[in-house]
Amino acid sequence: MSTTTLPTTGAQVRLGPGAGVPTVETEGQLRSILASLSGVDAVGAEARAARLATRSIKRATKWAALDLAISMVDLTTLEGADTLGRVSSLCAKARRPDPRDPSIPSVAAVCLYPDLVAHARERLEGSTVKVAAVATAFPSGRASLAVKLADVRDALDAGADEIDMVIDRGAFLSGRLGQVFDEVVAVKSICGDAHLKVILETGELVTLDNVRRASWLAMLGGADFIKTSTGKVGVSATPTVALVMLEAARDFAESTGRLVGVKVAGGIRRSKDALRYLVIVNETAGSAWLTPDLFRFGASSLLNDLLAQRLMQRRGVYVRPDEFSGD
Amino acid sequence: MSSRPLANSELGWLAYDPAPESASLARLAPSYGLFINGTFTDPGAHEQVPTLNPATEATLATVAHAVDEDVDRAVRAARHAYDTVWSVTSGAERAKYLFRIARLIQERSRELAVVETLDNGKPIRESRDVDIPLAAAHFFYYAGWADKLDHAGYGANPRPLGVAGQIIPWNFPLLMAAWKLAPALAAGNTCVLKPAETTPLSALILAEILQQAELPPGVVNIVTGDGATGAALVEHPGVDKIAFTGSTEVGRAIQARLAGRGTHLTLELGGKGANIVFDDAPIDEMIEGIIDGIFFNQGHVCCAGSRLLVQETVADEVLRRLERRVEQLRVGDPLDKNTDVGAINSRAQLTRIEELVAAGESEGATRYSSSCALPEQGYWFAPTVFTDVSQTHRIAREEIFGPVLSVLTFRTPEEAVSKANNTTYGLACGVWSEKGSRTLWVAERLRAGVIWANTYNRFDPTSPFGGVRESGFGREGGRQGLAAYLDV
Amino acid sequence: MSERLDVRKTYKLLIDGAFPRSESGRTYEVVDAHGAFVANVARASRKDVRDAVRAARAAQPRWWGASAYNRGQVLYRWAEMADARSHELAEQVAAAEGLSAADARASVGRAVDRLVWYAGWTDKVTQVFGGANPVAGPFFNFSLPVPSGVVAVLAPRDSSLEGFVDVVAAPLCVGNAVIALASATRPLPAVLLGEMSATADVPGGVVNVLTGSLEELAPVLASHEDVDGIDLEGALGATGDLAAVAAASIKRVLRPGHGGAEAPLRRLRAFVETSTVWHTVGQ
């Protein structure tokens, strides 16, 4: 589908249990699918997220949840000041979050800029930790499709297992949905076996209706994951946004049979917040999503807090932050 | 990626581990007297009646059963306090007492939440997040009115009625006490409050709070007991006003008894609320709203959305999602912070629910109940949804006052309105649609005292609550709530 | 026997929840009713006014965005703080106004009670000033009172605490942010009450208290284009001139001299706008 000669209306695409992923050939079809989605009442969604935040996770459930959360972390560094040395220590931490305790799982992945992928790949040899690269002119996405695709190819050539792309929020907000969709499809088409995470940057989409539509757009375009944020704008992941995206993933799975993951990123620093997200996952999409294959945290300082909580559970006392390495 | 999903059993996710609030926070006495003229009477001077924890059937404490003479003493104390103290206390000073009470409720909120949950069976999440904060908020709100009655729209210097007799139900024990006492005291009345037979404890803690607030003796008197105690209060010639919340049956009897007297009366009675779902409703929030509408407080809510009217075009999808959501509800220990649905308040109420549900089945409606496990001890009923319900079925007409939803369908807005109004009640309704114009059109035509749009079971001290037709008359909350306690 | 030497306090401005000295570094001497030196008080400059207006503008949406219930709780908390420190206030009122200890205590009591009175108004102004309008046609129509925004108040010269409470609490109560210029000659009770606001959960920038010269600062406040309203209660002889200056930016102006029982209610209405909403009604 191209962006210039699209018809503006299309046949209604059937959505319903077991209908499979619909083929979207025209912008009209895409619009008609997105228009058929129910609206989101922001007050009700906020209230639901707030209520789920009151769940109290104790004892064995908490133990399991902390380890699960560690295994879901995409340990992230996305700074202009990143160096090979920094990436090396990040990779060491990713493999073995606390060298004193081998029972602690590795994190899911490290997440960095494409030029650092090769180095990380090397450092993670022999581990289960994936290498994720932010590509497509991250974080703004303000570049031509050719440049975005070149960015993705760079990362793939260097050995990236996962690509975190950004959507063109400007195009989405001005209604050029076909263009946004085409970019997702184009990136997906060169990803091969690499998993594609599509970053919606919900802080710029603002409304929950937009979040729901963008989630569907990305999933229809082939996303393996939909991700909240780049972490580079004022508002990152929120429980309410996660709730709406998980509802979308649940409904998409029910309608097409395809399970798409959700990644929350930006501003998640405390174990308590991570556990709250897991509760939202559990009670919205369901326990099938409680795996690193289908839920991730994009974070850096969160990992140490998860380790500290884990240690505190065992020792029964609060622990110093300096118990854990700073990376 | 190679990691496998962790099974639910490994994580214990579906159940979560128990996270119980501590029952010892309740600090209950073994037995209680009556609160008359600022002090508690000797418990030994009265017949003592046990009050049970409906989740375990264990006795929490025993309370006094007030007889006619006790009610008489309480009314006399209220009259004396009215004549000598409260009627000559300025609005500004009354306000400060009410602010104190509000603050004390906030300070003791955790204890009150535990007491409420123990005595009533409602989930601690609700008593902690709804009942107790709203009770405090009511005192705050009416505190502000006490010295502003001139601005309430009833003319200059409106006068109180005198002694108010207030009879409250067991479904929101402390909150109903606050709804009754706060406006009455703000307006300048003195009160005799009769808590429900099965849930007297939070009102007795409130009595302690009134002592801590140094409210003058006799301004509020609290007499525990049963229907006979309530009847004695209604019959008492020294009472100027009766405010009753409870069943339509009892409300009807009270109105008949007072028919020949000048006693002022407000009634907040039963309901059979319709929750109307249009096909353009925000679906996920609407499902939550239906759940809140009927399973909040085990459905022991007079304004519960106990009839779901759903547009036929979306009925299948709504029911599919509703069933999935009902399965998720956690039913069990009310003190557990993760419990969504607690215990039925009493054996008698459980029997009534069971009887009406049996009638639903025998009349041909299709029953679905959550597959959740129910505790062995105590009074429990699994969240239940009836489909294929017709307007003539008892479960579509009678108030069940339990976690039971009856689903009906409609095709047009007119049909929705006509079905919603086809009841002798008129307390509350819900409307779900993203089309504001139609929501308002429907709202204008619903015969109900409260209409919620895209939400349900919302309460606020600034918002008047109350019914029309056989749901009663008079309003609680808001500027309008003052009228129930002013001679206007 | 030697008495313990006091530890004396420096009296500063309240801007954006912080207590700066004037950016100008200037102070002036405040004396008590008998002419004895009390303290060197910060003498605010036009730049302090600028900072205070900026802080008020930034803080106002959050204050108005909080629930009316929450605003009531905050004002009531302020009253609690004032009552708990009423001896301190009474000392300063006695010194400033030359009252006996008993009269000063009574004045503080009235001031605190007045604050409580305003606390009770926050969730009632909408009901008393607003309402539904039965327009002829298929519309649901209602009007709501909304705050003017940023309000400057010139506190009365003589009533150092009670008068200050009225001019400050009324616009706050309906959702405005306030920049108050305390009485130039009797500023200390106002400064103290301002300090208490900072421990009463009043968000920074919602209440700003300046001390200094009326002649210097009032024209700056009256002319500031980002100030939406001004209460000229303490303007003394300059009322006409200041009202004329305020006209350039179409400010809401409350002129002094509205005594009597209805005065506080008039103040509540002074810095309120009416916002009306029409919505269609149809199937």
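Which chain is which? They are A, B and C, in the order written, and residues in each are numbered from 1.
In the analysis below, contacts are C-beta pairs under 8 Å (C-beta built on N, C-alpha and C of every residue); 3 or more make two chains touch, one makes a residue touch a chain.
None of these values were measured; they are calculated from a predicted model.
Visitor: Skim through the chains and flag the pair connected by the most C-beta pairs in contact.
Guide: Maximum number of inter-chain contact pairs occurs for A-B.
Visitor: Going by the average position of its CA atoms, which chain sits the greatest distance from chain C?
Guide: Between chain C and the rest, the longest centre separation is with A.
Visitor: Can you name the chain whose C-alpha mean lies closest to the mean of all the C-alpha atoms?
Guide: Per-chain C-alpha centroids ranked by distance to the global centroid put B first.
Visitor: Per the centroid of Cα atoms for each chain, what is the distance between chain A and chain B, given in Å?
Guide: Once rounded, the distance between the two centres reads 43 Å.
Visitor: With chain centres defined as C-alpha means, what is the inter-centre distance between chain A and chain C in Å?
Guide: 48
Visitor: In whole angstrom, what separates the CA-based centres of chain B and chain C?
Guide: Inter-chain centre distance comes to 41 Å.
Visitor: Which bits of chain C are touching chain B when the two form their complex?
Guide: It comes out as residues 68-69, 72-73, 76, 113, 116-117, 119-124, 126-128, 140, 265, 279-283.
Visitor: Provide the residue numbers of chain A that touch chain B in the complex, in ascending order.
Guide: 38-41, 43-45, 47-48, 51, 54-62, 64-65, 68, 71, 108, 128, 130, 195, 247, 282-283, 287-288, 290-294
Visitor: Quick one: which bits of chain B touch chain A in the complex? Just the residue numbers, please.
Guide: 1-6, 8, 10-14, 16-19, 125, 129, 280-286, 288-289, 328, 337-338, 434, 454-455
Visitor: Going by the contact rule at the top, pick out the chain B residues touching chain C in the complex.
Guide: Against chain C, the touching part of chain B is residues 92, 95-96, 99, 137, 140-141, 143-148, 151-153, 413-414, 436-438, 440-441, 444, 461-462, 478-479.
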